[in-house]
Amino acid sequence: MSSSFGKIFSVTTWGESHGPAVGAVLDGCPAGLPISEEMIQAELNRRRPGQGKVTTARNEKDTVKILSGVFEGKTTGTPISFVVMNEDQHSNDYADIAKWYRPGHADLCYDLKYGFRDYRGGGRSSARETIGRVAAGAVAKAFLKVVAGTEFLSWVASVGEIDCPKPDVSKLTLEQIEASPVRCPDEDASKMMEATILEAKSNGDSVGGTVSLYIKNVPVALGEPVFDRLDALLAQAMLSIPACKGFEIGSGFAAARMRGSIHNDKIYAKDNTYHTCTNNAGGSLGGISNGEPIYCRMAFKPTATISKPQDTAGRGYENGELAAKGRHDPCVAVRAPVIVESMAALVLADLYLQQERNHCLGTENAKAKIEALIQNQKTREAIDKLP
Amino acid sequence: MSSSFGKIFSVTTWGESHGPAVGAVLDGCPAGLPISEEMIQAELNRRRPGQGKVTTARNEKDTVKILSGVFEGKTTGTPISFVVMNEDQHSNDYADIAKWYRPGHADLCYDLKYGFRDYRGGGRSSARETIGRVAAGAVAKAFLKVVAGTEFLSWVASVGEIDCPKPDVSKLTLEQIEASPVRCPDEDASKMMEATILEAKSNGDSVGGTVSLYIKNVPVALGEPVFDRLDALLAQAMLSIPACKGFEIGSGFAAARMRGSIHNDKIYAKDNTYHTCTNNAGGSLGGISNGEPIYCRMAFKPTATISKPQDTAGRGYENGELAAKGRHDPCVAVRAPVIVESMAALVLADLYLQQERNHCLGTENAKAKIEALIQNQKTREAIDKLP
Amino acid sequence: MSSSFGKIFSVTTWGESHGPAVGAVLDGCPAGLPISEEMIQAELNRRRPGQGKVTTARNEKDTVKILSGVFEGKTTGTPISFVVMNEDQHSNDYADIAKWYRPGHADLCYDLKYGFRDYRGGGRSSARETIGRVAAGAVAKAFLKVVAGTEFLSWVASVGEIDCPKPDVSKLTLEQIEASPVRCPDEDASKMMEATILEAKSNGDSVGGTVSLYIKNVPVALGEPVFDRLDALLAQAMLSIPACKGFEIGSGFAAARMRGSIHNDKIYAKDNTYHTCTNNAGGSLGGISNGEPIYCRMAFKPTATISKPQDTAGRGYENGELAAKGRHDPCVAVRAPVIVESMAALVLADLYLQQERNHCLGTENAKAKIEALIQNQKTREAIDKLP
Amino acid sequence: MSSSFGKIFSVTTWGESHGPAVGAVLDGCPAGLPISEEMIQAELNRRRPGQGKVTTARNEKDTVKILSGVFEGKTTGTPISFVVMNEDQHSNDYADIAKWYRPGHADLCYDLKYGFRDYRGGGRSSARETIGRVAAGAVAKAFLKVVAGTEFLSWVASVGEIDCPKPDVSKLTLEQIEASPVRCPDEDASKMMEATILEAKSNGDSVGGTVSLYIKNVPVALGEPVFDRLDALLAQAMLSIPACKGFEIGSGFAAARMRGSIHNDKIYAKDNTYHTCTNNAGGSLGGISNGEPIYCRMAFKPTATISKPQDTAGRGYENGELAAKGRHDPCVAVRAPVIVESMAALVLADLYLQQERNHCLGTENAKAKIEALIQNQKTREAIDKLP
């Protein structure tokens, strides 16, 4: 259970990698938001496999259909149902996996938990499950764009030992990131990362990486003390992505080495708004957004399924060796940015509606309110204050 | 809102630092569990202030009362209400804080969110809120101890630039940890940490730190795909603790630099149970516990409130300077371990009941089941397989 | 929002009457339960329209597809996704309804709430939304049948002024009920009800009715004090069905006229089980099932959409008259029994899992437990103790 | 578990009749609402026992303390904790009840569920649990009064066979109702009801009754399709009150006997607002409030605990007889109105915040919005349109 996320803007995903389809139901989206299959598709295209040498060869178009909740191009306030049919399945690749547990994979745990599993591919633990998150996340982004001008940027910050130099986020664009086959905005680092991934792939191996997320025009006052703090929900959202094993926000682990006088972001008031001189907090204090950009970083472990032989055990407690077949991403971090953005957008949209509910975007009253919100939104010519 | 945590084993905390009392209500605890005020008090004593030179001088006994849910020494299955009266309040310390926003603190965000706040101390963002978590966490620990023999160890792994060498967890005890004034089990590191904290304190400053958590005898199969993965809920739980800004499980951020062939933990079967040779996963695969120890690490930023003067702004958009009075911990990490253990126990107890509900511990049937569970629990003479 | 129901065994429905499809996602169903599209279809066939003169002429096969969560004929523990394509839509019937608010219908309220609605048919308030409930309810019934032998019977107890005499529930069968075109097990009453409905229909009118529900082999101890009492959740479940305006359990409103000495059901013990001599409680005391049959009764108002002209107002505050076109049930109570059973099954399955979680039906351990549960289940030769 | 109610405006109650105290935590109340212990106390005084011959002789002041969430007379947006100490306990009255299960009472079910119970009084099933609901409900009422001018009236509509004639609700006042010892606004009926109760009491018996609820100035558009319909949540709320066994809204069960052309409430527009000529819907269509008064009716069974001897069984499966001692209400309906109002207010406040969140009542912006809402609220000179 718990395939649902969000208290008000709430998504439920469903589907396995080798079943007929995957999808999601998004409940709680306000009425009147312009939505189309094209905008959802554009986001799904960023996560779909078969995009180049550094991703899995599994080639699927991942064409999305909206089955409910949208009428005359706008959301109606009722649940939005998305479906994507599964297409390029090679179930025969999975004979070995049915017998042997992949080290580092969820196989064993699913059997321990459910006594039984769909052994074709990862079943429910497959990255295809994230399709539903990206579809719903696309709506969340559209919503946040309308009500607050919020924008999301996510990129690969490291692959193995190769680090991307910290980008100038005031100039960074989605196009720059997506132009790199490994989604790293630095050209030199991008090339080295690509080489690292291909080398791992050619050895039947995989490699880990980190992903950075930067969100600007974040509405102030989002986050619910004490358990649904903004930081806490972002952490849950990120760690819920397959292969994510670490999360830090603002200065993160580096903050643990600092003195308070250095770490505390000085506050100043200007034009009846509050700003900070630095952003070690990463946009969240006391679990509540302060209007500064959210900045966080996630660690992704290397893909568990590799073709190199590994010692492991089987369903009947026998010990042996597995060299996994199948088509797998050698580095999951490369496809993670759009998933990271989607999960963050789902968190923010839900917290926004908890903070300020606005059911009907179509009325004059609501429009005025939205315009006021957007103007209130601090204009940030200089958003280069990243930690 | 969202002062509640857990779907079945669910705690709700309440209270401000300068109100009459703080407390918690724990709903969903199975009936028949032996509970006493003494065992709760023992845990609260580990977190209470006034324990030495490295913590705040605020001196409170934090005496807990149980007001409901326990009859003849055992839980009845109904809500357990805990209350701790506030005692040693110096509200007059807070005149400045009412006017100026503390940099790095929640003050500004509470005003942005609620338009108004209890400016005496941190109000709801005070660390005193965690009293309710520790009280409920003590029950969670007692429950897990009975049903699975689960044990928790948490210690300070670094303060500023001082690192504690990785301990031999097979020999590490709670007594060793608690014997150190900074809760660091390594004697040399403990002394250097203490010196670091006192030096920061004498400068009117504060310092950050990291805290490690190690859990053994973890029941298998805990964690609910996909959004309530074990890793994800632990991350949320930890980031919900005031001042926590980072979380990693198993190899964590180091995993992002590894190859899959190195990172994947080899599986072997022995005596009809599965084990892994290493524990890079930190006890969780696919978001589900595999029975290996849970191992994770949290980053705590330096205390925001310091007496060193800092630039900041006030409620009326005026710019100025604040040198905060009041009695504050110079390093919050030092008091974090029991809170970290409590939050982890709340996560595991809730996931345990989601996986296997067992309402009445007192019946013969349930006893037999618990004995079977404990025996199933892998005996681990050698738990020194930590990453 | 709130298209989800149930804390653990949790269904989310989606879809509008005139969108491409309707469906549901069922999360939290234990693994190992045998499920097929055929068994879901059999239940859907009981609710589908076009079954005779007393139901709407809209003729749809309502063919269900399972898109996830079932592998090799058994549930996997992951979300089960159901979809039913909409087929026989006559959107042109709805030109008037787009302009005029139907008296007694949700039209006006949807506009007040969302500022905008899918005016073709009832949109989300259409009875087609209940398809998802019946699909998920079929799984709930299958689950309860396996774990406790639970059985559901629901019938039409009155239509307009025609009452069905209280049936002998010890002999009553589903076949008897379904043999009647109005789902009334008494032949004479059935004929009079049919005549009443056809008379209303021929006058362009509609008529109300009541529906009874009887559940035997109810597991003991279901229901969570204090807000999720068994009675309270059944009431919510029933009132959530379109057109339902009243609920009573056991003696219900008649109890309010009784003395305690008459109303209290005497308890006796026999063969180490407890029984009651009467069942004025309707199977629930203190909000917890006592093992006696659940017996409750629901009031359904007459269908709002009628072709008789009615005074009403339009979207632009104009006053006028509407004679609604379209094909509508003259008496919704007639199609309600399978929906009533489904909602009750969803309540019981969720409460069962809250009381006693059992994830994997396939293991030996679980099988033994289930057999014990079934044997514990009081055998009731005489279940004719209905109030 | 499930001692919590409400998604956003969420109350958690705790406490047993014979433990040290009872109380509640209210989370999610917007900041800035004026609240005092006096206003809570005034509501509690309406439900407290010892008010006359027709209620239990248990005499408790039920003095409430607010322990958190209120600062300088206003809510802070953080959890509000209420506590009421238990005082007048006669635990020795309960020796028999520890041994024998009271027919019609929750005793047996608590033992079946938890294997064990606090046998002094009703424990958690005691009516004292409702103290927490009334305290939180008082805040909900205050909130709704401020944002929408909402007013609640509840009275005893029948006791045994004595019915109160339908009052003219346009003139009915709380004072009129509370002036009657049985809370029946009709003088003659009040006297007959009192006689009925005293006669039952003198026979060691008890008697049932019904309670009516009328709410005016209900905000429009409250209720979340499909499972959290306004009707459905009201039904759950009412059936969660101890001894409630039936609920109907608007015409309720009478609607089941009507034709649609009679039942449908005609709509008319006037001054850019919509009204209905009758109110058979009871203020809710499609599960959403239409702005008309909410009108519903609840059935309360007779008190289970009576001193008349009754056949029953004991904990060890022995059969015998119980003549219960202790001081019990002979007719629980008499003390129900304030509880009924409180539960309804909790439902409406939660749905209001789901529909329209407004965290900070203190800001100019929010004030303007509230004033607009109040003016939008239909003025209803003639609210005598009750069914």
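The chains carry the letters A, B, C and D, assigned in the order they are written, with residues numbered from 1 in each.
Heads up, the rule we're going with is that a residue touches a chain if its C-beta (ideal position, glycine included) is under 8 Å from a C-beta of that chain, and two chains touch if they have at least 3 such contacts.
All values derive from a computational prediction rather than experimental measurement.
J.: Out of A-D and A-B, which chain pair has the most contact pairs?
T.: A-B
J.: If you average the Cα atoms per chain, which one ends up farthest from chain B?
T.: C
J.: If you average the CA atoms of chain A and of chain D, how many Å lie between those two points?
T.: Measuring from centre to centre gives 45 Å for this pair.
J.: For chain A versus chain B, what separation do you get between their C-alpha means, in angstrom?
T.: That gives a centre separation of 27 Å.
J.: Using the touch rule from the top of the page, what residues of chain D touch 2 or more other chains?
T.: Residues 1-4, 7-8, 13, 78, 113, 124, 221, 225, 354-355, 359.
J.: Could you please specify the touching residues of chain A with respect to chain C in the complex?
T.: It comes out as residues 1-4, 8, 10, 12-16, 19-23, 25, 27-28, 31-32, 65, 67-69, 71, 74, 76-81, 83, 113-118, 123-124, 359-363, 366.
J.: Under the stated contact criterion, what part of chain A meets chain D in this complex?
T.: It is residues 7-8, 78, 221, 225, 353-359 of chain A that touch chain D.
J.: For a test of understanding, state which residues of chain B touch chain A in their complex under the given definition.
T.: Going through chain B, the ones touching chain A are 1-5, 7, 13, 101-110, 112-113, 124-125, 129, 158, 160-161, 200, 205-210, 220-221, 223-229, 231-240, 242, 244-253, 255-261, 263-269, 272, 274, 276-277, 280-282, 285-291, 299-304, 306, 308, 310-314, 317-319, 333, 354-355.
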